[in-house]
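Each of the two complexes below includes subunit A, the first together with subunit B, the second together with subunit C.
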Partner chain A sequence: MSGTWYYVFTLVFFFFDYFILAMGLNIQYGETGILNFAYIGFVAIGAYMTGVLSLPSSAGTGQYYILGLSLPFPVNLLLGGLSASAFAVLVALIALRRLRTDYLAMVLISLSLVLYDISNNYVPLFNGADGLYNVPEPFAGALHLNTNSFIPVFAGVTGAIALLLWFVMSRVTRSPAGRTFRAIRDDDVVAAALGKDVFRQQLKSMIIGSFYAGIGGGLLIQFSGSFNPTAWLPGETFVVFAVILVGGVGNNIGLIVGSLLVETLLVHLPAFLPAIPGAPGLIEYFDAVVVGALLMAMLWFRPQGIVPERVRKAARMGARERPADGPGGLVGEDVAALAPAGARAGGRAR
Partner chain B sequence: MVLLAFASVEGGQGQGMQLFWLSVGFGLVTASVLAISAVGLSLQFGITNYINFAYGDFMALGAYFSYALNNELLHLDIWVATVIGSLGMGALAVLLNHFVLAPFARRFHKTFYVLIVTFGLSLVLLNLEYSIWGADVRFFNMSLDRAHHFGPVLLTTSQIIVMGIAVVTMLAVHTLLKVTRLGKSMRAMSDNTSLAMTSGIDTKRITTITWFISGSLAGLSGSVLGITEGNLTPAAGELFLFVIFASVIVGGVGSIYGAMAGALLIGLATEVSAAYINPAYKLDIAFVILIVTLLVRPSGLFARPGRA
Partner chain C sequence: MTSVGPTGTTGTAPREAALRCEGITKAFQGVHAVNGAGFAVPRGLVTALIGPNGAGKTTLVNILSGSMTCDRGQELIGSTDVTNWPSHRIARMGLMRTFQLSRELGGLTVLENLLVAARDQAGEALWNIFLRPGLVRRQERDNIERALDLLETYGLYRLRDSRASDLSGGQKKLLEISRAVMASPSILLLDEPMAGVNPALIERIGGYILDLKRNGVTVLMIEHNLNVVEKICDHVIVLAEGRTLAEGRLSDLRQNEQVVRAYLGEVIDAGTVR
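And then the complex of A and B:
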């Protein structure tokens, strides 16, 4: 396989993977309004757990890590996703219950830095600053894949998983739970006054979103075969935020556009450019500056994103819900109807 | 034989005490750096009512300004360079507020937007630092330090100067807030912005001045952090950020005196613990204290009524 195709499939993989990551953050931030600045920490937990579950026992490998159960591919990935969810429960119980937005954001960003610090320094857990490497490639043995043919196959697998997760997520966002999430995002006091247990719903949203984070992280470590702590500094969380804010908060089509534009074209395509002689890393640094600046410009000029959230038709109070006429059909949005006139449906900026 | 064993236990205890007092000295130095940075962050939070997530990068950038004046441009004395570099960071903070943060804060009422903008600003500033100065560790150009004994505590000349700077800064902030008209206006604005505005306080001017002070204190704390740590990297400020957050939350967000007390507590706790646990995790102790505070007294030690 030629080098060009190798690059193309790498980009395809990152596109699908960041679509999954963006869906996870979108349900937390875009749908429920939880400003999860520690998102990349959940991705890393998913990645590390997927890694240590598929690696053989650490004795004699030159690396130090827990578990080492040699589990086959989809099982370790699933458990990686579930570990991220379990961690989300712990975080939510301590932080989410009692803190308002900016307090919570401070605690979460601190958490993100502390997780980085611990994984970077505490070798017996995930091999310290070296990170995990030589993680077995899934299917490689069964399908007789070599390093080159593995990449398109795994990009395809990731695509299939992304589509499955998209289907699940669109069911979630259209369900009554999804409407409750958006009600909390728009005004948590109103949602609480209507008898919704705000914390319980936020917890639910954190668990679902973190599962997606864990799956996305697990796919990352399976794709590249390695993962180290520098991959989860808070700046990485920002890239996922950029994906959903550029594409459009609160809708899954927007996330596809965002993943394509931000992650694939802006973050990963420049990584294939030849380095400028005498200035290693300059392209990468400059690229990050561009991503940050683009996001600010986007927030200013088009805060609703490239694909805005559909303004859901508000059903009148007491009106029967319209039958959903196929995918994309109108769904009665009772939240907007129940909320007082001042509260708006949709995530648009005031 | 028994005597010998007794003597060695005695010696062990003496060493333990010595280590303890040494770490107290380091703790006071860390607390000094923390106090300057936490007060800078709190002042700005009190006025604008949102957290500046780029504050760690303000610190690093201020330190690099000092570094440039000290090593690259004018070859100034490190302390002169620190003062000028910090004021330069203050000026930059004013510009960033005027052209980036203030427009967003005016336009969007939800805190989300401006928090994400400060987060984005952090990414931009960090990578600008990397682009200009690279990822290599840099060192300030300063004369060799001499050690001084104060009873059991051992401190170098530069550590004493850093502590002096912190004390002077705290007294200056206290005087500013309690005595001057500007400080009274700042306190009024922090309590209730619209009421302050209707009372004839020029809130825009106060906000600008606050950003200048906050940026200068960020630059100052970043520079003295570089001096006490002995080196400088672009990510230094960002990694220090959660320790500042811990001080601020433990003290009570928005309370200046709380930030000072929190800085003292966290500074001593991190350094003293480093004498007993692996020093690589000393900063994580700050996070543990943060979590305990959240569980026991989420509004902090010096909570302001009606906040958090």
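And then the complex of A and C:
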């Protein structure tokens, strides 16, 4: 495989992987309104757990880590995703039940810093600052893949997983559950007054979004074969936020656009460009500036993103067309006919 | 269209209470917003909660609907003690509310605002979405039809696909009431449903409230417009300084010196409070 195709398939992998990450953050922030500034921490949990489940026992490897179960792909990946979800339950029980919006965001960003410091300094967990390396490549043995041929195959596998997760996410967001998430995003007091258990719904959203984060992280470590704290600096959360804010919050098409524009073209493509003579590494450092400037410009000029959230029209939901109503509508017997059985029977709640 | 008219022979004779509260107290940093309020809301009637500004009416509605907890006191829906239950549990008991300043779900369409309120939706459980898609689809179709029926009734059908944030103030009031009705309430708390609404719409909203009463819904409404109270409310509770001052028919309360001094004395021509 030529160098060009190596770059192209690497970009394809990052596009699909960040699409998965963006879907996870979108259901938490875009659909449910949870400002999860610790999102990258859930990605890291997925990556580390997938790694230590893939690696053999640490004895004699020169690394220090827990587990080491040599589990095959995709079992390790699935458990990595579930680990991130399990951690989300813990975080939600502590933080989500009592805190809202800005206070929750502050607690979560602090959590991200704590997770980072633990993984960076507590070596027996995930090998400290060196991180995990020599993580086995999935299918490499069975399909006799070398490093070059592994990249397009795994980019394709990641694409297939992204499509499957997109299908699942679309079903969730278009369902009554998705509508309830958006109601909580718009006004959690009203949602509660309409009988919605806000904490329970937010917990669901955290679990789903964190599972996607864990899967995205697991794919990262399987693709690169290594993962260490430099890969998930707490500021990386804001790159995923940039993906969904630039593409368009609350819709999956916007996430595709955001993943392509921000993550693929602005963050990863420049890493493959020739270095500027006399200033090696300048391009890579510059991408954070470009992403930050783009994020500010979007929030200022087009806060709804490139592809705004679509209005879900009645006809698209399968409603039959009716003649338009007059200024007053119907009353009297018509209302009686519409009244709930409980109300007609004397006002008992169902 | 039903016009707002006298309530006829419906009186305040003792009835079973749909909602009862006793000794409700709520203080904010030592200042008592509600200070021992207690009353019973008769089942199937329209009851007005009136009182001067700062009497604690909205705080009381917030407490009764679970949006706020009380420091002391007891709340009963029927015979169930629901004191300091969270609002989603109180809502599931059949008590719905609207807000003083309309709180629409702005990012959702008018139709979606109503659909959110539908009760016992199978599609809110994730496993049903994947394991029982037929049930979810059928229930959703029924809910859509019922929501569209209500939007027709409340004159909002042509706005079904508009974002709720784009509605006018009056339309938002109608949306809030229709959304609460979509949840099949047995008790409806309306916080100033006529505030900032033009006279024609006041007439319509009054008609809708009377229709709800005819269908067995118990209504408790905060209202400053005494013309409306006189025409559609069977029972009136006067709140002052966080306490229940008096209860009864408005015509009787007009003879009550305490009520006149605390509240009605400020009324100009039996109309809106100054």
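The working rule: the second predicted complex is superposed on the first by the 305 of 350 C-alpha atoms of A that agree within 3 Å, B and C clash if a C-alpha of one lies under 4 Å from a C-alpha of the other, contacts with A are read in each partner's own complex, and residues count from 1 in each chain.
Keep in mind that, in the parts below, a contact is a pair of C-beta atoms (placed from the backbone, for glycine too) under 8 Å apart; a residue touches a chain by one contact, two chains touch by 3 or more.
As the structure is a prediction and not an experimental result, all values here were calculated from the model.
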Next on the checklist: Between subunit B and subunit C, whom does A:I94 touch in the aligned arrangement: first, second, both, or neither?
Outcome noted: first
Checklist entry - In the superposed model, does subunit B or subunit C contact more residues of subunit A? => result C
Checklist entry - Of the two partner chains, subunit B (first) and subunit C (second), which one does A:P176 touch, if any: first, second, both, or neither? => result second
Item to check | First (subunit B), second (subunit C), both or neither touched by A:Y103 | outcome: first
Next on the checklist: Looking at A:D197, would you say it contacts subunit B, subunit C, both, or neither? Reply first, second, both or neither.
Outcome noted: second
Checklist entry - In the superposed arrangement, what residues of subunit A touch both subunit B and subunit C? => result 349-350
Checklist outcome for this item: Note: in the complex, subunit B contacts subunit A through residues 50-51, 53, 100, 103-104, 107-113, 115-117, 119-124, 126-128, 130-131, 134-135, 235, 238-239, 241-242, 245-246, 248-249, 253, 278, 280-281, 283-284, 287, 290-291, 294-295, 298, 308
Checklist entry - Taking the complex as given, what residues does subunit A use to touch subunit B? => result 33, 35, 37, 94-95, 98-103, 105-107, 109-111, 113-114, 117-118, 121-122, 233-235, 238, 241-242, 245, 281-282, 285-286, 288-289, 291-293, 295-296, 299-300, 303, 349-350
Checklist outcome for this item: In their shared complex, subunit A is touched by residues of subunit C numbered 1-2, 18, 43-44, 65-67, 77, 86-88, 91-97, 99, 103-109, 111-112, 115-126, 129-130, 136, 140-141, 144-146, 148-158, 160-161, 163, 179, 183-187, 204, 207-208, 211-212, 214-218
Item to check | Footprint of subunit C on subunit A - complex, ascending | outcome: 168, 171-172, 175-177, 179-180, 182-183, 185-187, 189-198, 201, 204, 208, 250, 309, 311-314, 317-320, 322, 324-332, 334-336, 338-340, 342-350
